[in-house]
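What follows is one structure encoded as structure tokens, with my remarks underneath.
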Amino acid sequence: MGIHAYFQSLTDLERIIRCPGRFKFEEHSVSAHSWKVVQYAKTLADIEETHGVAVDWKKLYEVTSSHDYGEIFIGDIKTPVKHYSLELRAMLQKVEEGMVAHFIDEHIPEEFKPIFRRQLREGKDDSLEGRILEVADKLDQVYEAFGELQRGNTEPEFVVMYRLALIAIKKVPLHCVDYFLTHILPDMVAEGSRCPIDIEQITKEALAS
Amino acid sequence: MGIHAYFQSLTDLERIIRCPGRFKFEEHSVSAHSWKVVQYAKTLADIEETHGVAVDWKKLYEVTSSHDYGEIFIGDIKTPVKHYSLELRAMLQKVEEGMVAHFIDEHIPEEFKPIFRRQLREGKDDSLEGRILEVADKLDQVYEAFGELQRGNTEPEFVVMYRLALIAIKKVPLHCVDYFLTHILPDMVAEGSRCPIDIEQITKEALAS
Amino acid sequence: MGIHAYFQSLTDLERIIRCPGRFKFEEHSVSAHSWKVVQYAKTLADIEETHGVAVDWKKLYEVTSSHDYGEIFIGDIKTPVKHYSLELRAMLQKVEEGMVAHFIDEHIPEEFKPIFRRQLREGKDDSLEGRILEVADKLDQVYEAFGELQRGNTEPEFVVMYRLALIAIKKVPLHCVDYFLTHILPDMVAEGSRCPIDIEQITKEALAS
Amino acid sequence: MGIHAYFQSLTDLERIIRCPGRFKFEEHSVSAHSWKVVQYAKTLADIEETHGVAVDWKKLYEVTSSHDYGEIFIGDIKTPVKHYSLELRAMLQKVEEGMVAHFIDEHIPEEFKPIFRRQLREGKDDSLEGRILEVADKLDQVYEAFGELQRGNTEPEFVVMYRLALIAIKKVPLHCVDYFLTHILPDMVAEGSRCPIDIEQITKEALAS
Amino acid sequence: MGIHAYFQSLTDLERIIRCPGRFKFEEHSVSAHSWKVVQYAKTLADIEETHGVAVDWKKLYEVTSSHDYGEIFIGDIKTPVKHYSLELRAMLQKVEEGMVAHFIDEHIPEEFKPIFRRQLREGKDDSLEGRILEVADKLDQVYEAFGELQRGNTEPEFVVMYRLALIAIKKVPLHCVDYFLTHILPDMVAEGSRCPIDIEQITKEALAS
Amino acid sequence: MGIHAYFQSLTDLERIIRCPGRFKFEEHSVSAHSWKVVQYAKTLADIEETHGVAVDWKKLYEVTSSHDYGEIFIGDIKTPVKHYSLELRAMLQKVEEGMVAHFIDEHIPEEFKPIFRRQLREGKDDSLEGRILEVADKLDQVYEAFGELQRGNTEPEFVVMYRLALIAIKKVPLHCVDYFLTHILPDMVAEGSRCPIDIEQITKEALAS
């Protein structure tokens, strides 16, 4: 059915809820998450540019906006599952890629096939844009977990999620990561001082690890 | 933390929604589904008993009530994914079993470990009880799809789901399957005559295939 | 319409929310509750068996899985109403039984009528299985109330609900009640130490009363 | 705790959903229903006044705004239950009145007790205002059922609900009922001509019965 | 389409959520809010009557029940927007009045037009009834904000909302305001002593300002 | 509080529901809408590029991702209000711009102020990117309305919304609009042939107008 099939499929991501099975005070859909990743990445790239780094905006646009499109086919598989074995993780990624490839083969008109193949591949590579995507994706994990801790969610998983995302961000060598750690994170920690869980301590431990 | 960890984990299945990503007029949690499977299985087993077949009620209790417990660990992975490759399906089942085993090792007291290992294993084997579970599980798929079609849901996936579940039921050699096909299904089809999709036709095709 | 009418009616219990009118951080349907009761009862019966007590698994299956089916007809009437007068309580139970009987008369085929009459009667009698059902039902009340207190729900009703359920459990003479009080409850109380309400104190008072 | 206890209890009616257990495309809380009854009654009383009938607005205010307050204590018991036996219905009403009386005794300051006793009693008597309340209450039942039929809800209960409410309205001797039957209902039926159920036929039958 | 168009439009207010965009533990529709305002106003007017003040109950009925009807046309525009400039606020009110007038012109039968014009105009004037409406409307703002603070909502906006509503109430010269400040508010503050935010301090500051 | 205030504010758009007050089978948040606009715009720009038109991807990124950010401050004001008077519309836009400017002044660090001022201004100008944004925004209106019509929503507003969006798209002189009209829209209309409303007729009329 051509591009229509693609456009219509986008709505599916509004119905996939992140972090399924956990008690949450606030639920987030994959599409809302994707939009926030696009927004964070824009500002992170702006920070890179203020340091004189050249950003390929077309590439950044493509990798951030589509980075979770594959979940239309496989859903939001629980993170612990994905990490349970490297073998499974690799196979899941292969299956997701296979289903995306199949969708393109079947629905996308010939002249757009190369474009869609480029856009819907996994974007987290070692390029500047791939690294910005990695940071933006983890940043939303930080904000989602922080939102729960702030409201008194006692599920230990959100502490783990907050900590792992911070550790992952810290490791990416980018100017915008330095900016985040020195200017944005302290504001978040200060705001978190009113919440029942010791955000400051968890943050310190994550940054020290 | 012992049995408490197990009891508390049950609530997680109330938060996992079946058939993620599809538009549905009515959502069903895995726990509500599991309860209906328990109920269907009870009546299916009653039908077997009226034909003089002996039912192991303890085994039936165990396999039906826990049959989707593993989804606490891996979530409701989309059916097309599970069927995409036999290899992936086998690996997912292995991972789920691994995570269940790990949960039992860590949380269940020594004296109950054998019991939990028996209860939380995959129950759809060739025994009478395993076949009743298979039918009861597919029966709920029939009812869920029927509920959507009846209300005018135009997603083609629900027609597929209805048809595949009927075909799967039809193949299981049980007295209760005969009863379902001759006494229960005709009532459902009659009720579906008011709905915008031709339930009768889809049903006929599924039974003929 | 035969068994189809019964199978289809099961979905109604997914739409009846327990504890109507109260503010809750998390809502529970009657069907999700029923499934958890089935699960608790299974483990409670396992505990009895480890003490050499013989369990009638068919009976346990029947009484636990159907114990709230009658709510399809009368809804989840608020607990204070049920306890307001013994006279009303008796009459409500009579009406519920009357409506269940009427449903069986009208919908269930002749050969299954005796089975359904046995299964859909009130199961909380003095038999082992009836007592296990009583404990499993109250256990879910404990977990539902605990889940609210843990998240900071300030409605006094949940403290009352937690306390009354504990008192009711304590009074049932069963091996599994001893196990619950000595092995499961302490884990829950320990976990509750992070919550704004003094779970330990409420628990002590309930056990002493 | 005085009037505060009363004011705070009002929010409970936002959490009680009408017609529990049925599949509905749109849910209505008791408080939203109560507000619409207040609004309908105002216009119905305006119609009476244009026919020269004197309306006691204070009384109308009191009976319409509080007419379902008692549901805070007993919830929205399913209509079939209420009608199952005259005996039960009478007892439920007695219990509801008893719980309201108890609430007033315990919470309302001495000087306001007579006022609250008058306001929170059952308002559907034979006075003009009582009859307007009866019509307004049934009118909302008509609109709720119509809203479901219009969207293709196939539950037979909504046809029954629409029909019974029309029959009840028709029997009340009021100018506003004549106005409703000749001016408002035809507009509704005309609008319903696009819906899958034959609203015109059901309406005709109800008016003829 | 006559009065039917008006009656049917009432349901729209069940779908407009107050305070859009903020995180809330509990959402309130405009229709539920309107009903609570009707209820508060009734008791506030009762208090006035106990001080010998004459209340025009028909007028009070009209102004309270319809006071937010205009939101059907313009929605619940965020409070900060309304207060951003006096100019915009005046224009929004003019537009709302224009849309209400247009609705009456188009839908309401000739003989009821004057009645609807009187009922659907802005009711917060200097009359006794207008002032009671102002207090009742702000009282619901107090209860909505209190409900969030009590459950640990950390959004600073709810503290602001609570404070501004108290200040607005305090300024209205009515016997019922004195009663609220001396009898109702202290009960609320006492209840709030269990909540994570210092309700007593905020209340004192608001009353002193 | 710097960039943190901006990042955290993004979640507000997940809580603002589009088209408030209307009955909808499926609700869409402003953030989910924004993400779909980003996705449509990407493909529309790809189509332009295949016709040799140069796209400024950085600008396109900025205007599409932030195009509804201002709704954080003023909410989703109902479309009829915005169109009621040109004067009000202009004033609302001025107020929105004022509130965005105020947010930037107060929260955004000095070195990023010019970037945020550029990004958060109204993007629908006559540039290629502004026109693509206009088409992408209207395209989502088409899909949202289509989704309701397809499921049998009888609210006339969705027909109006579908038609007006098509008319607006048709007027924008772009290669991608031609592509949409000749390749995408026919697929949608074909799919709509199963729905109760005559999509083909409405589409023809809109294209002819």
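Should a chain be cited, it is by its letter among A, B, C, D, E and F, assigned in written order, with residues numbered from 1 in that chain.
To be clear about the criterion, a residue touches a chain if its C-beta (ideal position, glycine included) is under 8 Å from a C-beta of that chain, and two chains touch if they have at least 3 such contacts.
As the structure is a prediction and not an experimental result, all values here were calculated from the model.
Shared contact partners of subunit D and subunit F are B, E. Listing every chain that touches subunit C and subunit F alike gives A, B, D, E.
More contacting C-beta pairs link the chains of A-B than the other of the two pairs C-E and A-B. By residue number, more than half of the contact pairs of D-F reappear in one of the listed pairs A-E, D-E or A-B, namely A-E. Set against the C-alpha centre of subunit C, every other chain centre is closer than that of F.
Superposition on CA atoms relates subunit B and subunit F by a rotation of 120 degrees, given as a multiple of 5.
Residues touching across the subunit D-subunit E interface largely coincide between the two copies, over half of the numbers being common to both. With centres defined as mean CA coordinates, subunit D is found 41 Å away from subunit B. Subunit E has its Cα centroid 50 Å from the Cα centroid of subunit B.
In whole angstrom, the spacing between the mean C-alpha positions of subunit C and subunit D is 33.
Among the residues of subunit C, those in touch with two or more other chains are 11, 13, 23, 25-26, 147, 152, 196. Interchain contacts (touch definition given at top) occur between A-B, A-C, A-E, A-F, B-C, B-D, B-F, C-D, C-E, D-E, D-F, E-F. Of all the residues in subunit B, the ones that touch subunit C in their complex are 1-8, 10-11, 13-14, 26, 28-29, 31-32, 34-36, 38-40, 42-43, 46, 50, 55, 57-58, 60-62, 65-66, 109, 111-112, 115, 119, 139, 143, 147, 179, 183-184, 187-188, 191. Contacts from subunit E toward subunit A in the complex involve residues 23, 25, 152-154, 196.
By the touch rule above, subunit B contacts subunit A in their complex via residues 11-13, 15-17, 20-23, 71-78, 80-81, 84-85, 87-88, 91-92, 95, 98-99.
Listing the residues of subunit F that touch subunit B in their complex gives 25-26, 147, 150-152, 194-196.
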